[in-house]
Amino acid sequence: METFTYYPGCTLRTKAKDLDLYARSSAEALGIALEEPADWQCCGGAYTTAKDEIATKLSAVRTLNSAKENNRPLITVCSACHNVIKQTNYDIANDEEMASKVNNYLKLDEPYSGETTVYHYLEMLRDVVGFDNLAQKVVNPFKGKKIAAYYGCLLLRPSKALAMDDPENPTIMEDFIKAIGGTPVIYAQRNECCGGYITLEDKAQASKRSSAVMRSAQDQGADMIITACPLCLYNLKKNSGSELPVYYFTELLAEALGLKEGNHE
Amino acid sequence: MNKNLKEQVLRSSGVDVLKCMRCGKCSGTCPSYDEMEYHPHQFVYMVERGDIETLMNSKSIYKCLTCFACVDRCPRNVEPAKIVEAVRLAAIRQQGNNHMNPNQIPEMLDDDLPQQAIVTAFRKYIK
Amino acid sequence: MQEAMINRAKQLLADGAVNRVIGWKRGEFAYDITPAVFETAEELEKEFVYDDFTAANVSKYLVKESKKEGKILAFLKPCDTYSFNQLTKEHRVVRENVYIVGIPGGPKLDAEKIKAKGITGILGVKNENYTLKIDTVYGEEIMPFYEAILDKCATCKSKKHVVYDELMGEEGDVLDSNRFDMVEKLENMTAQERFDFWRDQLSKCIRCNACRNVCPACTCEKCVFDNPNSGVENKAPADSFEENMFHIIRAFHVAGRCTDCGECSRVCPQNIPLHLLNRKFIKDINSLYGEYQAGEDTTSRAPLNDYKQDDCEASIVHERGVE
Amino acid sequence: MQVNENKEFQPLIVAFCCNWCSYAGADLSGTNRLNYPSNVKIIRVPCSCRVNPMFILRAFQRGADGVILCGCHPGDCHYTSGNYFTRRRMTLLFSMLDFLGIERDRTRVEWVSAAEGAKFAATMNEFTEAVKKLGPNRRLEDLRCRKQ
Amino acid sequence: MQRIGVFVCHCGTNIAATVDVKSVAEALGHEPGVVISQDYQYMCSESGQNLVKNAIKEHNLTGVVVCSCSPRMHENTFRKAAAAAGLNPYLVEIANIREQCSWIHKDIASATEKAIILGKAAVAKVHLNAPLTAGESPVAKRALVIGGGIAGIQTALDIAEAGFEVDIVEKNPTIGGKMAQIDKTFPTLDCAACILTPKMVEASQNEKITIHSFSEVTDVKGFVGNFTVTIKKKARFVDETKCTGCGLCTEKCPMKKVPNEFNMGLDNRTAIYIPFAQAVPKVATIDPNFCMMMKTGKCGVCSKVCSVGAIDYKQEDRFIEQKYGAIVVATGFNPIKLDKYDEFAYNQCPDVVTSLELERLMNAAGPNGGTLLRPSDKTHPHKIVFVQCVGSRCDDSKGKPYCSKICCMYTAKHAMLIREKYPDTEVYVFYIDVRTPGKNFDEFYRRAVEQYNVHYIKGMVGKVTPRSDGKIDVQASDLLANEQLHIDADMVVLAAAIEPDKTARPLATMLTTQMDTNDFFTEAHPKLRPVESATAGIFLSGACQGPKDIPETVAQASAAAAKAIGLLVKDSITCNPCVAHSDELMCNGCSSCEKVCPYGAITYIDKEFKMPDRTIAVRRVASVNPAVCQGCGACTVACPSGAMDLNGFSNNQIMAEVDAICK
């Protein structure tokens, strides 16, 4: 059994327990051990790209460094955490000045310079487990279900740092859907923003964005939509005015693996 | 034209605004375009001109969703979102210029709103 | 080791896999070990030597030897393999005609350093737990092993063989050596100090040509210094040629080709640190054009026979370092 | 080295110029009557890459006080790549001379196109001045080679 | 014993005003070997030259030094004069005492002193000059044109017109290239096929032209005037000599579901096919990836219906070798793949097409017979959006850094044609800049706007979202209105950047020609030698050298042909004798010289040498091909042993100059 450092993030402890719960149980069923670092801190939710912002990057570096010290890759599920941590890792590895400033703050035993490999849970499924292997473990396939993958912005961009998939023509979630027996629905708005945190002060804008996404998916005949991001799920459900069901991808994964009673039929 | 502010924004963003070829693709792809008074391509151009204060005083800086669509799709690798972020930081770093008061938060909440939204807003609005 | 090498050589001779062996034999003194070619098992038994004084690089001998009839067995230390590869790259040796047995390298001993301790009449040495026991005509003497090793071994760059047909003993790694320290120290001196240092060193040169003769990169059919048409012909020390021309031209000729085997300094009877000139070029090449180790492979382009459009300008020399 | 009556030091400068760009640039500065000191003596070579480091050492040995090498701008070489090789060779040679304690300002590489007559003259003026400041080349000159 | 003559020119007062020419002549007269030293008013004049000629004869001179203007002015004049007097022209040296002395110095004393030094350097050099004879090498009277598009066809026709044999090698089953796929041409709007196909026929009927279609160049050896090229004739499983092009096989072939390359995959062809009706040669080709007979051994319909028995399922690749004097590269271009630009939904929606696909959609011989219909539902589009600069002018990893040059014009053409034929269709063009430098080009673009009411919008499309109702939501910026637009389009047309054909790079390696980082061939000089490569005998035609439209391509094709003809008319070529040569006795065979040679002039041979001990040793030694060497001298410095030297600028000669100057 391969062990990974697992970073749940703030929201998975509270509002997005399903995302977390089924990620853990599915991983176990797939032979992956997830080990949560004892003292993780919130990643901050959004990456500050500014080069003169150091303090906002520290918690992500601490997380990365703890994975490094355990000599394990780091796995994230929440798109936002993933985005913050991967961008931080990229900048630390590629921007020497920033790296030295960060290390000056942290005073680690050994400076951190981007050594940790960061996987999104989906990347772990693709690159470690393998979608073919996953498909073989599926007991409840989503046969005939037309499932629309919603990437949003955080999973793919900026593509230089995230390097997860082709940012304009991604396939990782579609391949996941195929692996669990469903039929992926391709729609143009799958990599456009849901409105994100703007929901706090501008419901109208959030609603405009999330309804555009839902309309596009519905338009292409989706039965349901899946996401990896709690905020996306919130916006799509609450602000879009659409009835199309929205799930975390881990929920479907767990269902397919027979670990969860489902919304199958 | 404010030279110091311009330099600060350029340094903080790490963006070379001179690479812009004025194609407007950033503004063509921006999901917040209609909510903004100044649009991504204008951010780039106005920073080049040194017209930073106008941008700092505009609500546009709080409308960017940081979705990086402009960053990824810019044919010249200009990264407009990083400019917007640098200008916003320049604004909220000024004393008493936080965009959000933590006391307002409780009334914004509903049962399902993920923490993520709040911490992100903190990052974006408050210094 | 010597025993195993002799056995293996005998075996390969007997199999007909090779018809000659290049190794070493003892000269007048115990520490005077020179390359030699052996053709029979008897010769091997009698004269083949491999010990702590066996530092000589046999690669250069293969320029001639590899062109003869039949295959020759060569025992190459890690540093020798770099020289051999470089010669292969330059079509100076015929790779197919050499059967290479990689053997572990140094550190090898510097008899001069032992003598400097006042120890003379050396008959043999034994390394016991890094204490060197020296058997002399006057009885046994001891000194710390590491104080007696060759300078070139003290700054060894690699214990890995880059070419071989078989290996004896364990394979080592490329080392993270401190070989550029002295170059750096000189770089940090003032121009006058550097000038004084080098004038002091190079004026010692007696033009014995040992550096040139031992250098595995110096295999020209006819050396420019011996060639009246080259314009720099100069066979004997007549003027300040050695200070001003000879060593600079020599170093430049091997720039990008020198594997840093250190033989030039080892054989210099005047103890001129000639390898520092070569290392200066290597250090510059590494920092200006990207890491390059001559002899590491047989296909890469030598840095001086290559370019990038965005290479630095020569003015970089003016812009950096100590005036 | 030449010593004038007024005893001001007059350095001897050898300039290697490639036929296609720099030699033509030198001609142009003549055509435009742009002055530079007569200390500069030009040797024509087909391409800057023809210049062997030995030539430069030889010039110093024989008493030159400064040696400058001029070629086409990178990318404009008549032979497409010659000056790129020149650049590497000269960078390493100059670095070595510096390492041996030879004054840096005695050597120089400059890219001068056939259209840059003014640049050629300006470069020669500057370079001559710089070498003048250094005084006679004593570190590389072979006194035995000097004509009495 | 050398007998050298020195001739000092006054050049009127140009030299004489600042240089004391008499003392120069006097001083140089004392130099070793100098037997005569004279000055004269105008050395380059008839009488000046006679002075030199007479002195050569009278004093039996072995070398001449002329102290005058720059050798770039009159070196040739004096060389010719020497030759006329029976002295080898390469025994003449010029001391430049005008441009590099009298014109730049004011002080007579120092200028004179410098003139004497320059003269001494020339004398020292001429002592070591060797008589040189320009070598000659024969020229094979045949040209090879690689690529059979409009560039290659035009070049071949022009060369054939001049009376030389030309071979065209085309990798596809037919010549014609991209132009054959184009519907109309700008700025005249005449039909591409109407002007191209007659040229194709002309090429196929011209006795001097041999077309190797479905063939590739696999090896190039030799040098200018004397190339040996291996051409692979790929198996097309149809005997070219028998096939009449009747097309019966293509009608009967049961495998009808093969994507049709000629129509950009917008419709299907059969497994045995003729790319299009006017193909040249009009010969069928079997696609072995789809042919049932080739894949399963069952079928053979084409073989049965072929009345001339041309089908040969067992045909194999054939290789032919041919000698050529000149090679013209005309490998052309392709639009880039748009996989990385899916914000425009190219992979998601069939109604988002490239401009070249639109050409086929509008072409009478295209999939819709010339009616513009949407690929998805074959309905007529009422609103079409054109996007410019897709992948051009990019500084990212996805696109090309250059302007593709042709897109602005063909987009104006498309817009205009659509508005002309379908006035009910609205056309939007999103542009960054409209670039129309060319005769009648801007007028053409203005016509699209003013006469045809095409909506040109300064801005860029940022996102394309296809909808289930068949509409395509195009989200774009309108920079002048400062607005973000959403257009419900029926079709989107992307002006994809163009790039050199993928076969160009391996070809450049074979030809030892240079390419830029974008894989365009590099011309010998960007202004003065735009159709020659830096490698002698290799010429460039069309878009392989850079983006070009048809008129430019044809102009360059003819220019390349003229250059090639200029070479082919010669029975032999005179080579510059100032080339490198290697002293075999000293050569190490180390390959350093070969590595720095930009022309591939150096090869290695194994040569036997008699050793002092009477044995024979075989050594690898460098050999310079004097016909290819251009005399830069890079090899002479790279050579560690000094075996390589350069005629006219030898190590000794340059050192002698150095010594003379430094004395």
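Annotations
By letter and in written order, the chains are A, B, C, D and E; residue numbering begins at 1 in each of them.
Going forward, a residue touches a chain if its C-beta (ideal position, glycine included) is under 8 Å from a C-beta of that chain, and two chains touch if they have at least 3 such contacts.
By chain, with names taken from UniProt: D = Coenzyme F420-reducing hydrogenase, delta subunit.
Note that the structure is a prediction, hence the values are computed from the model and not measured.
Steps from chain A to chain B, minimised over paths through touching chains, total 1.
As a matter of contact connectivity, taking chain E out of the picture divides the rest into A, B | C, D. Contacts with chain C and chain D are shared by E.
Averaging Cα coordinates per chain and for the whole protein, the chain whose average falls nearest the overall one is E. More C-beta pairs in contact connect the chains of C-E than those of the other pair, out of C-E and A-E.
Greatest centre-to-centre distance from chain C is found for B, with centres as Cα means. Rounded to a whole number, the gap between the C-alpha centres of chain D and chain E is 36 angstrom.
Centres computed as Cα averages put chain B at a distance of 48 Å from chain E.
Our note on geometry: chain A versus chain D, Cα centroid distance of 63 Å, whole angstroms.
Centroid to centroid, with C-alpha atoms defining each point, chain A and chain C lie 57 Å apart. In chain A, the residues that reach two or more other chains under the touch definition are 168, 192. Shared interface positions of chain B, i.e. residues touching 2 or more other chains, are given as 69.
Within chain C, the positions touching two or more other chains are listed as 224, 230-232, 304-306. Touching pairs of chains, sorted by label, consist of A-B, A-E, B-E, C-D, C-E, D-E.
By the touch rule above, chain E contacts chain A in their complex via residues 339-343, 345, 347-348, 463-469, 473.
Taken in their complex, chain B has these residues touching chain A: 11-14, 31-32, 35, 62-63, 65-69, 71-72, 79, 81-82, 85-86, 89, 100, 108, 110, 112-124. Within the complex formed with chain E, the residues of chain D that make contact are 2, 12, 14, 19, 23-24, 26-31, 33-36, 38, 41-47, 49-55, 58-59, 62-64, 78-82, 85, 89, 121, 147. Taken in their complex, chain C has these residues touching chain E: 67, 89-92, 219-224, 227, 229-232, 253-254, 257, 301-302, 304-306. Considering their complex, residues 166, 168-169, 186-189, 192, 216, 219-221 of chain A touch chain E.
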